[in-house]
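These are the structures, in structure tokens.
Below are two complexes that have chain A in common, paired first with chain B and then with chain C.
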Partner chain A sequence: MTLLDFARGPAIHWSLIIMATGTIWRLLGVLVLTRGADLSRPRDAFGNFKGYRTVFSRAWPSGEFTTATRYQTAMAYVFHLATLVVVIGIVPHIEFITRLTGASWPGLPNAAGVGAGVLALASLFALIARRVSKPAVYCSTWGDYLSWVLMAAPLVTGLMAFAHLGPRYETMLAIHILSAALLFAWFPFGKLMHAFWFVFSRAQSGVAYAHKGVRI
Partner chain B sequence: MTTGETLGEFLGRQGVSRRAFLKFCSAMASMMALPAASVSALADALEQARRPSVIWLSFQECTGCTEALTRSNTPSIEGLIFDFISLDYHHTLQAASGAAAEAAREEAMHENAGQYLLLVDGSIPSVKAYSTIAGISNLDMLKDSAAGAAAIIAIGTCAAYGGLPKAAPNPTGAMSVEEIITDRPIVNIPGCPPLPLAITGLIAHYLTMGSMPELDRLGRPLAFYGENIHDRCYRRPFYDRGLFAETFDDEGARRGWCLYKLGCKAPETYNACAQVKWNQGTSFPIQSGHGCIGCSEPNFWDKGGIYDSVAMGQFGSGPKIAVAASVGAVAGAGAALLARDKKHKTETKMHSDE
Partner chain C sequence: MSSVAVPKRIFPTFDQVFQGFASQIGMLREMAPPPSLPETVRVRRAIDTLIAETNADEAVWLESCIRCGQCTNACHFFQATGETKYAPLRKMNLYRRVYQRELGPFRWWYRLVLSPIKLSDLEELQELVYDSCSECGRCTMVCPMGIDIASLVHHQRSALVAAELVPPELAALRMEQLHRGTVFGASAETLRRVVDTIREQAGIEIPLDRERAEVMVLSSAVDLVGNCQGLLATGKVMNHLGVDWTLCSDGFESANFGLLSGDMALWKKQVDPIVAAARRIGAKTLVIAECGHAYPALRWNPMLKGGDLPFEMMYMSEFLGRQAKAGRLKLTPIEGRITYHDPCKTGRRGGAFDEPRALLKAMDADFVEMPANREFNWCCGGGAGIFLLERATHLRDASFRIKMQQVDATGAETVVVSCASCRLNFESGRQKNHWGTRVESLVELVAEHLGDEPHTGRVMPIRGEAA
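Entry: the complex of A and B
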């Protein structure tokens, strides 16, 4: 079995198994723990609705913070959008998803994919630079750095495989798939879970504040 | 058996012009990445070369390798160089049969001990009874013939890496030459079949230099297997622009777009098909509209479906991810119930403390 056979065979399969199990486990484990009923009557009759609205309203910093958070908001948006384009726009990625799910759609030209990959990587560096330079703001744990490394690795290795840099193409492709496998396997256990949590945590804070009559 | 005639004399006798011969030499020199100035030296050395004794053993094979080499419409220089070598034993091509054929092999081995080239096509079954020639198992015949060989050339993917006979579940326990013989220089010329130019090119190299060329990590001559086919493919601009044939008869296929999505394995395949091409430079698989199947790579037969693209995950006997998700659901629910129970207990305790 070559490295590539291992990577696109058992390695990626098991990483997806770990990701699926872990994600559902953590989601259920927390969601079943509902908050108890309010001890007093909610101040705002539309509290629930406002809570759900928070899911979207928190996608942007509120006015007071615009200037202070401009840098990381911009970088985070660039990163998330570029990564989305990379994940669902590049033809080999679509081929992978098609094999897994049966769904398929047209891909982007390689140049666009490479552009998005470079943007994603650059913004990721911009974000880590801020995190490292402001330890007091972020209180980073090793898990945060691990998440960063595991996120950056597939971008770096993917770009290298495309550009035929480093080892031979099939070896680089194998390393790229393995780096994605590590990312999948780590996904449920670090802050990457925010991809799921953000909906619930925002809604929860929204509902709680609304019930207390806080203007949100 | 080694005879006095040189290759130059032989080709002259066959009516090959000096011009055609030099053309062949410059093609060889460029394949072997030799400087242009060395073409005449190469030609001189080739002309002076004397016939080497060659024993060709065929084991678990389909004769495609021999066919590829000998089946050309007009005799090519590749074919003639092949004719030039003193083929002392070759099942398919020799006139002798039975005991006489085996006697010829024994004689060649004896007379040219330590000198002859051993060419092998086909894989070797480790279960001896599965393939025998004149009552001798393939395994024994290979070991016996390899002992006195100057070098071994494993022709075709079967001899080089086990090939088709080795495909799972490998019923005959097929093995490649290099898995069995470890004390002789071995050069692999894989392909199903290999390019004729790679076979004769290697022989020409051996005749002129007296040694084997530089090899890659899979034992293949870098001159012929150093390049990735995808890097040399004339459809590559379509790949870069994201234009792919989705089926074999759609608009993209008619317009000659990239075959990546139809399972082209060229991105992980190293061979000279795109430059040298087949049938006197007429075409090669990708040019004829079918993706590369990666036939010069080890275990190509077991690397997922021929029409699965390189990027597809190989999930074996059905993805277990859905099952895993249900396991996660049960584990999550369990964890949650425990936590809930704990929460209720704590609440009750807090209330009773008040």
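Entry: the complex of A and C
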């Protein structure tokens, strides 16, 4: 078995199994806990439902915090969107997903894929630069840095493989797939899980405040 | 300046009240009980409290933080000091450690890699959850995950109650309320005395212990042992409205040091007699005095099934604001520019935004909102018991400068508050900074601007949102 066979086979498959199992375990481990009851009378009988809009409204900071959050919001949006384009838009990734699920869709031209990859990486560097330069604000943990490294690695190795930089193509491709496998395997254990938590966290606060007639 | 002549005072002015309180607070530190339990027991009790109080909501919030640092933009204590330890996200760290080791889905792993909680960790936590967090909830407004850090801080206060680590001033008042049922010595006897004084010297009748009444009104220790002007003003306004009202000597205290310290049992113990008294007299409305935290202690008490109560609870500003909105409270115009400070507990964490503004509108005030207002209002820095903590003085003073800038930006000559804690803190800041802005209580301002002829008939309380 070559390194590429290992990466394409057991490595990526096991990483996906770890990701799925770990994610379900962590979500269930939290969501099966009892919910505390707030017995007080809501300000408005149907007001609590309005709280769910916080799940969507919090996707953008309120005007009060526009200036303070501008840099981070812009960079975070560029990073998330560009990463999404890279993950589901470029041909080799679509082929991988097709092999796994059977689903298929047309890919982007190479230039667009590379452009998105460069943007994602650049925004990721912009975010870590700010994190490192303002330690008092970010209070970073080792988990934050590990998540950053594991997120940056597939972007760097993917771009290198595309550009035929570094070791020979097959080895570079194997390294790229292995780096993605590491990212998948790490997903359930660190802060990348915010991909799921944000829905619950925002909804809970939105509802708790809406109960009192406050829109957050 | 008010257009109405100020009547002769029978009670001290608020700056004198503030001076008096400052000396009383100094004595509290000496009255605080020392810890009595062994170290290991105190730590275990703190951990057990956090475990018991952690539901799915808390767990999700603890899991959700991505350390993006945005909350630091919203916190007055961080903004005023720039010190990393005051970053709101740090105020969750100890709780998260307990959660990850004891309850989280990967606890078997975190027990290996995270060190157990020690008493010294809890001692360090004291400053973070008492001195430097007024549970104002402003950080939630900016958090991209929407984490309610204030409620997580409150659970940690409960844990510190169990660990006998309540700051001395709050500990002393908690013990006083627990064992003697009073705050600053404000007993039923004190209430009777103040009511008599108001009747004899100001000619204002404060109904006390009537058997039946439509409206039950609360008072507070600040009103009874310091600023009796607050109760006098309440009486004047209620009588002017013709409300069928009373105070009850077995349930009159708004202040709740169970809520402030984090002692859930005392919180409930303090609320029960108030609810019982309101039921007994057949009250349809319970009006909470201008004491910010009393609003969440009663109106938003999660342990009290509000829907089953035969009465509605509302804050003083809500009650009066609804009367003004319904056209039943006509007020005379007030001169000069005015701004309004939303107490965190009645504003962002209470939702009573419109009614106090309706009162200012009824006074035809030149009302200007602060740059950050309503849900985004900056805390004055004295809430959640912080005003009482001597150790937190530098934090309060530093963060109050943000508040002064906000008020100054409006060009207002008067800032109106509707919370005794906020008012004391504003008064402290005003005196220390030689600030020229007047600080007024909403109910006292209303009492000074009562316009039309008093009602003679009975006024039904105005209920519900439509009012």
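Remarks
Quick note on the criterion: the second predicted complex is superposed on the first by the 211 of 216 C-alpha atoms of A that agree within 3 Å, B and C clash if a C-alpha of one lies under 4 Å from a C-alpha of the other, contacts with A are read in each partner's own complex, and residues count from 1 in each chain.
Going forward, a contact is a pair of C-beta atoms (placed from the backbone, for glycine too) under 8 Å apart; a residue touches a chain by one contact, two chains touch by 3 or more.
Just so it is clear, the structure is predicted and the values come from calculations on it, not from any experiment.
Once the two structures are overlaid, the count of chain A residues touched is higher for C than for its counterpart among chain B and chain C.
Shared-chain residue A:93: touches chain B; no touch with chain C. When the shared chain is aligned, chain B comes close enough to touch A:110, but chain C does not. Applying the stated contact rule after C-alpha superposition, one finds that A:16 touches chain B and leaves chain C untouched. Residue contacts after overlaying the shared chain place A:36 against chain B and chain C alike. When both complexes are overlaid on chain A, the residue A:166 reaches neither chain B nor chain C. When the two complexes are overlaid on their common chain A, residue A:28 makes contact with chain B and with chain C alike. Contacts of chain A with chain B, set against its contacts with chain C after fitting on chain A, overlap at residues 25-26, 28-33, 36. The touching residues of chain A, counted against chain B in their complex, run 2, 4-5, 8-10, 12-13, 16-18, 20-33, 36, 91-93, 95-96, 98-100, 107-112, 164, 168-170, 173.
Residues of chain A that touch chain C in their complex: 25-26, 28-41, 43-44, 54, 58, 61-62, 64-65, 68-69, 72, 76, 131, 134-141, 144, 189, 191, 193-194, 197-198, 200-202, 204-206, 208-209, 211-216. For chain C in complex with chain A, the touching residues are 54-61, 63-70, 72-74, 82-84, 87, 89-90, 103-106, 140-148, 151, 299-307, 309, 348-351, 372, 375-376, 465. Listed in rising order, the residues of chain B touching chain A in the complex are 228, 230-231, 239-242, 244, 260-261, 267-268, 298-299, 303-304, 308-316, 319-322, 324-325, 327-329, 331-333, 335-337, 339-340, 343, 347.
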